[in-house]
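Input: structures, listed below.
One chain, chain A, appears in both complexes that follow, with chain B as partner in the first and chain C in the second.
Up next, the complex of A and B:
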């Protein structure tokens, strides 16, 4: 099962996170063209990131993120060096992708 | 094939069930399904916020003027406003909505994402402030090679 790569860096009190989810992000149109059925479309629909059990990112997404989407976000007030940023993504078919990265 | 499909779906459902409820704040795909099926940006914004009265200020949006690859267009956006939600729309694809972010109390509202666009079009970002007002930013760009493959 594919996962999410997470890189996090603490600088000036703000943690910057860079994450890449490995996912084909098949749109309905692509699915129809390639497999003949729109039902084969599959893409990430929800992404969350947590640090020490607190949510730092909550994002609902559609089929129009790029393939293997990269996203960057930032947070402050929580997380110190060595803490882990955990990310979970859910796709349309109900699969979950997980990943974590230490804050450096 | 059918059986395999069934099995993977069951597993998927199980995996979903173990995600603690506290981690998932609001799933906008479930709470506002109309947003995701809306064909035009205006309809999507209306479905999301119930209004089209947007002030185009307070939000910074950066995207290339010409995107050579429509499959991965870098879009950066940020705001210093105190916002409840931030939503990204575009008018080049069959449906308008790209994503909705619900900032938490820890969020620094500065994001970079990559999106797909099938043809040239306009990216619209709309955020709802804690004051209830809508703030937005727009950027029109040319896409040389469409990213949605039709």
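Up next, the complex of A and C:
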């Protein structure tokens, strides 16, 4: 199953994270056009990013993110080099996507 | 995956949706059709009736002309000290004409250091993209820009 690619870099005390979730992000309209049924729509609805169990980002998303959406964000004061940024996404069908990346 | 691990994660996911029931539309019941939330309703739901102020503190970076509506990069940066007493609570990205105006809601904490978020969105046609920012003192700031789309990305 598809996952999330996470890249994190520590510079000047700030950790910058780039992440890409591999997901089709099918909207209702697209699903109807391509498969004839609105029920085939599937998109990520919720994503959280954690470092050492602390949440650094929490977001609700909708169908209007692009296919394979990219997220860029940053945080400071949590985590050091070698720690892992963990991201978990839940989609409409209940699947979870997971990914983690070491802070470099 | 370990069974124990699985339940742990399930627990955290449930807790997150339980904490944000009023804010998170993702955690609510599964919508059956397109979630028809127009721009004004979306703003009202987020702000709870308050009028957001246009502000230069919010920097919204989107291309003026997007060749392909399916992939439009958006960057929102907010000028804020991000301390315990004064920080950006949430960034909402709204679109004017998509069938659901609420594109993404991002919840931040003082630990973020800088209020910055970037992603890529879909646009169904030429419309305004708005960033609605919620501050910790309850104020709402906005910035918006119109984007010309040559090929729509929602259909």
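FYI, the second predicted complex is superposed on the first by the 104 of 104 C-alpha atoms of A that agree within 3 Å, B and C clash if a C-alpha of one lies under 4 Å from a C-alpha of the other, contacts with A are read in each partner's own complex, and residues count from 1 in each chain.
Everything below uses one rule, namely that a contact is a pair of C-beta atoms (placed from the backbone, for glycine too) under 8 Å apart; a residue touches a chain by one contact, two chains touch by 3 or more.
Worth saying up front: this structure is predicted, and the values here are computed from it rather than measured.
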Should the pairing of chain B and chain C on chain A count as a clash or a fit in the superposition? clash
Tell me which partner A:24 touches in the superposition: chain B (first), chain C (second), both or neither. neither
Please indicate which partner A:38 is in contact with in the superposed arrangement: first for chain B, second for chain C, both, or neither. second
For A:73, using the defined touch cut-off, is the partner it touches chain B, chain C, both, or neither? Pick first, second, both or neither. both
Go through the superposed model and pick first if A:64 touches only chain B, second if only chain C, both, or neither. both
May I ask you to decide whether A:95 touches chain B, chain C, both, or neither, giving the answer as first, second, both or neither? first
Contacts of A:10 with chain B and chain C, given as first, second, both or neither: neither
Contacts on chain A seen with chain B and repeated with chain C across the two complexes: 14, 25, 27-30, 33, 45-46, 48, 54-67, 69-78, 88, 90, 96
Once bound in the complex, which stretches of chain C touch chain A? 9, 12-13, 16-17, 20, 23-27, 30, 32-35, 70-73, 75, 95, 98-100, 102-109, 111-114, 116-123, 153-155
Could you pull out which chain A residues touch chain C in their complex? 13-14, 25, 27-30, 33, 38, 45-46, 48, 54-67, 69-78, 88, 90, 92, 96
Under the definition above, what is the set of chain B residues touching chain A in their complex? 8-9, 12-13, 15-16, 19, 22-29, 36, 71-73, 90, 93-95, 97-108, 110-118, 147-150
The residues of chain A that touch chain B in their complex are 14, 25, 27-30, 33, 45-46, 48, 50-51, 54-67, 69-78, 88, 90, 93-96
